[in-house]
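Just below sit the structures, each encoded as structure tokens.
Each of the two complexes below includes chain A, the first together with chain B, the second together with chain C.
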Partner chain A sequence: MKKSKESIFKSKLAWAVVAELLILLVAGILEPNFFHIEYNATTGMFYGSLIDIVNRSAEITIIAMGMTMVIALGGTDISVGALVAVAGAFALKLLRWDVTLYPTPGDYTIKPFILVILVPLLICTAMGLFNGVLIGKFKLQPIIATLILMVAGRGIAQIATNGKQFTTGYTPFRFIGQGSMFGLPFPIVITIVVCAAVMIFVRKTAFGTFVESVGVNPNASRVTGLKSDKIIMIVYTLTGFLSGVAGLIYSSRISSCDSNNAGVNYEMDAILAVVLGGTSMTGGKFSLVGTIIGSLIIRTITTLVYYFGITSESIMAFKAVIILIVIVIQSEPVGKWLATRQARRQKVGELRG
Partner chain B sequence: MDKKKSNKLVNFVTNPKYLMVLATIGIFLVIYAAGIIMYGDKGFAKLRTFMMLFVDNAYIGISAVGMTMVLITGGIDLSVAAVASLTGMFIAYGTTVLGLDPVLCMAFAILVGVLLGLGMGALVTYLKIPPFVATLTGMFLARGVCSLISRESISINNELIDKMAGWKLYFMKYSGGEWVKIKPVAYINLNVVLFIVMIIIGTIILQKTRFGRNVYAVGGNEQSARLMGLPVDKTKMMVYGFNGFCSALAGIAYALYVKSGWNLALQGGELDVISAAVIGGVLLSGGVGYMIGTFFGVLLKAVIPSLITFNGTLSSWWGKIITGALVLLFVALQQIVMHGKLFKKKGTPHKKE
Partner chain C sequence: MKGIEIQFPGVKALDGVDFSLRRGEVHALLGENGAGKSTLIKCLTGVNKMDAGKIELEGKEIRPTDPKNAMDLGISTVFQEINLCDNLSVAENIFIGRQPIRRGQIDWKEINRRSQELLERFKIHIDVTRPLSQYSTAIQQMVSIARAVDVDAKVLILDEPTSSLDNEEVKRLFDVMRDLKAQGMGIIFITHFLDQVFEMSDRLTVLRNGHLIGVYNANEITKLELVSSMIGKDLDEIFDLKRAAQKPDAKMMLDADHIGVPGKVEDISFNQKQGELLGFAGLLGSGRTETAEMLFGVTKMQNGDLKVAGIPVKIGEPMDAINHKIAFCPEDRKRDGIIGDLTIRENIALALQARRGMMKPMSRKEQDELADKYIKMLSIATPDAEKKIKELSGGNQQKVILARWMATEPDLLILDEPTRGIDVGAKAEIQRLMLQMCEEGMSIIFISSELDEIIRCSNRIIVMRDGKKAGELSGENCTQADIMRIIAGEKDGETA
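Up next, the complex of A and B:
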């Protein structure tokens, strides 16, 4: 009995859930309508703050799925925000092709819709592979290897669209970010599918264990016969692909591309979601469920902060305070201190009988 | 005798320690020469164009001095641009809105910069938090506080600031019995003086002081440095504190340059600073790097946008792509120089950064 209580408190996932529930509780006290979900029969959609939180967290959740494994490998990928911009730019490029020939945005696409979806995903996957090759094969440091695409990616996106902002009214494309399925906004459906696919891939095969093994000790893993470089490459490629998916959702939400502002600070939010979810920045064990909750925590805080009428930029200060608390609790010396304290207490308890 | 001398030269050039710096200087000279050949008639060869490289990038250079030291210890600091932006905001808000003395505002900004640097240093040193995460928190905090102060750009209208920003040192030549300004007017301003003084101070600290040798020792191998009895923790704290000082100084230089404070100023500036240092031959894994390399790294990064401006037809976004390519080139070069070959079979630096 005592043991299970201990393990619950040691589990970082439990902490994340408790944190999310606490924030929701505060939200519920401040705004009694917060949990209210309404069904609109004419549009066939559910409406409510909770649905909105899940909907708006879709991009970060999807990227953070890949980022979790990147961080479990002991790396980081700071190029994801730029890849979001790249995906949007190429999708809109294919939808509008030549703005001088087709100047008015409308319900049409120049290139086939399948290309509009596939080409951006393919480009982002290739960019992820580029990161993976640099890190896995050439053993570059992850920060510097992904820095290259973070700097160059936005340049590529700008050149693809000639530095212009395209808008589109093409219905199937707008459906990705604005449509609904089973009464839920479509981004939620995509998120559920992506998360389920990644989880099945990672947990039902040995891949997740491989990633953790490489993250704990790359050399030992290599000696035991794991192809570390291949695992690293797969993880970064997957992250690139997922950034592409997020980029399509983002550009569909705003029905346009914005190479300057699309995906700015997404890398930070994704890393934050992973860290909040209990995956340690030093690599090793990771929790995909934790990451999803981490992403929801970020979005809930953002919504709550908006509710107070605080500007969107200042949210960063709140995020900073939250990360600070989380990383200090997670840090090794504090953990040791807590453990010794607990041990001492237990001893005292035993002595007292 | 002669052979000995040439041997010495060959040893100097092929020494991996200097090779990176020499490569940076070489590539800078090649690109600059190419610029003179291509756009010499448009005025690229003029002294004014050369001096503008300094004037326009002095703030990046000042920040890069601190960043170089942080990178040599094996750390990284993502907060520099946010701290610089915060400094600009302090000066703008203090002088324009509160009507305070600008010197007081600058002193306060530098104090805040140093304290933030020390705070992040403490997280890295004593709580063993990865520098990437610790400084990311600092970045969020600085940006958030910046936005809390004001969301709008505040212009600086202060006599002393105007005087400081307007101070120029002209190049003179002696002709016809009196000193006249060289035409077209080439000048250096206070920012450039600060930049060059900081580079000199940085060089002296790194090469001539005990503290500088400790910085290299910590970056080379922290464990060994600790076993040798070097003050590892103190050194790291001082390096982060110094970097905070440099960021605040860069913020002052930027405030003098644009004469305003804005919460979104210098977004992504930390990557400019890091890539300048990397292009200058500073090894991200720590232990290797020279101030003079960083100096030429800043110049090399500055000459590319200048060339694109002179070309006139290229999109300015090529600047970003070329910077990305340069980072890739130099990281590959580092890999070859430090490990003798591009493909490394044994060991992987993926884990540690």
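Up next, the complex of A and C:
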């Protein structure tokens, strides 16, 4: 049987790729060095703007993996930014570099070190589960349910660190955000592993289809035998866990925890990455690859803006304009218009030919 | 007498169809699913753009751009699917988009008063300030009709207005239609109930595969002629259905002992053998659907005992029922059946996949084979399996849902109004399929508002009234009158 083919103009994923390439092209024209990648033999790492873009997009990409499915379920999770702060706060608490409590130099880190990684992840996973229970079992509206931890999360982070901001020099911890492996910054390696794991989990099991089904029609899905509350809980729990991973990367990058500023606006960037990637806010079909590209678009714009020395005050506005253009091009009416235009042109071409 | 003429030559879905409606006439538009009725209506209301042809209203050419525009021109439509806002009040729903304004503010008193008046015409006495979602589907349907009627329309289009109404409500609707007709309104009436066609319409237009088959005067054509012109087949073939034969040694499939959900259905006891087709008759809200939902675990059974194939079972949610090889095609296809944005393939594979569990995904090849098999078997009209299910017509959606459950190879199939809102041809196909599956040993519970199809197919019939089982009849020699007497409460008890 022949398969239906959607017009390329209606494919949001295609538009996301085109947008990313265009932005890169503009960057390349304005600054030929933009694509330059250099290998530094002493550090064993590659350097360049492109590497930097992928590296800096790690946190948002990782969170957005979970957010994609949250949105596919027709929900949203606005607590992810706060969870980033929570992960950082607990990691730094366990590293014990607080000079008021441990004034003499020495290694006070909780042993084994793996606890410094596992405990924050576990706490974030539990918070994700908390969101999932509120939404899946108690049927709260996702934005309200996750608002609770969006507010409380930062509070918990403050309590964990007594409202202080400590820095750490502990090398194994700093490796997460600043180290390198295979010549790549370590966050890129983590991102690749996380994205691959999520994609395998979603597409090599029936989980992806179940998520889409519940997202489109929860009633019918239930009647068909899907346990939608369970699926909802898994998705929010996973998102909590992924926010924890992002939180560790973030705090390791700055070798510090910052309950007030860590992960601020991450929820917005993650949602934006998902939407740019072509997943509809109304739920249903989703694209993880699209989300990765969406996240890269956001970071590319930011990098571009920094690169050309645009003042930080106007960055937000500049970003907004580019995103607006991408989203409008992706919108349904524009897609339809372009598709009919193309069809008409083909017709004319056939007549001439 | 000025008429309306519409011509659409050259459209694929509609090929050069002419249609005319006189003032003060009820004109039935008939045809199978996909015949082009909806497309015609959509052209008329500006939902679809037509490629050729023209529409004239009172001699002037019009080009409706969208439903609102069509309404302004005097063409008002009640679509098959209820298009109202559940969470707004009844009155708000009626006046949405055209609220009367007094001193710059919405005049709520006026809205409520006029809504009440309007509904009185339908003999509906409800509190119009309460949210619509508190009322039954039938009332909601009446409200959407009331809204369409209240607009100062010259042409009223009713697309399957009676499919969710019971007899009494249909009568009320018909009274209103007669009123409107007397006032000179032209009414286009789309329905699958042929009796209603003959009761109400003056003329009939029949479409088939996008072509105009004929325009008839209602008093000059017989029901049989009409049906054969709609489907283009011999009638004998369609109505030559035989009840599934009962094997004397058939094992017990289902044994329900005083099962119930307080407040919905209570004290239901019945049994069903393998390969038996058990019909459930009764009015809307009599507990037919509630019983089905309880058997499938959509609502949790609270009282009584249930045995499936002789073994006592507890069914708390749909998955339990699926594990006991029970399947359920729900009544409200749009709400509980289709997953609109997913493809036909995904919709068919979903229940089987759910039973297998998340960790054992079906391969793409397996899904493709499954989908192709059922598309062929049920002759689902689609170019391929990758079309979104919401793009199919109602009858074809129903077939996909049926395929979804047939794929799980159930022992007991519960069908709640499987033939509602679909045409005669597809109806006969579904009935034949049911009987064939029974012959092969599947047990079927068949719920329907149409008594003749219940009688034609069922081995036994259970009649429901007010959330209770009111009687049980043998399907062999019972008449519609027998069933109706039990529904009306004139006769009670077991007559099997």
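Here are some notes:
In this text, the second predicted complex is superposed on the first by the 299 of 353 C-alpha atoms of A that agree within 3 Å, B and C clash if a C-alpha of one lies under 4 Å from a C-alpha of the other, contacts with A are read in each partner's own complex, and residues count from 1 in each chain.
Quick note on the criterion: a residue touches a chain if its C-beta (ideal position, glycine included) is under 8 Å from a C-beta of that chain, and two chains touch if they have at least 3 such contacts.
The structure displayed is predicted, hence computed values, not measured ones.
Aligning the shared chain A places chain B and chain C in steric conflict. Contacts of A:T311 after superposition on the shared chain: chain B is touched, whereas chain C is not. In the superposed model, A:K137 lies in contact with chain B only, and not with chain C.
Of the two partner chains, chain C is the only one that A:T205 touches; chain B does not reach it. By the document's definition of touching, both partners, chain B and chain C, reach A:N219. Between chain B and chain C, more residues of chain A are touched by B.
Of the two partner chains placed around the shared chain by superposition, neither chain B nor chain C is touched by A:S243. Once chain A of one complex is fitted onto chain A of the other, the partner contacts of A:T109 are absent, as it touches neither chain B nor chain C.
In the superposed pair of complexes, A:G284 makes contact with chain C only, with no contact to chain B. Common to the chain B and chain C interfaces on chain A are residues 217, 219, 222.
Residue ranges of chain B in contact with chain A, taken from their complex: 76, 123, 126-130, 132-134, 136-141, 143-148, 151, 263-264, 267, 271, 274-275, 278, 284-285, 315, 317-321, 323-325, 327-328, 331-332, 335, 342-344, 347-353. The touching residues of chain A, when paired with chain C in their complex, are 1-4, 204-207, 209-210, 212-213, 216-217, 219-227, 284-285.
By the touch criterion stated above, chain A contacts chain B in their complex at residues 73-76, 134-145, 147-156, 158-159, 162-163, 215, 217-219, 222, 228, 232, 264, 268, 271, 275, 281-283, 311, 313-321, 323-324, 327-328, 331-334.
Of all residues in chain C, only 296, 298, 317-319, 321-322, 328, 330, 335-342, 346, 349-351, 353-362, 368, 372, 383-387, 404 touch chain A in the complex they form.
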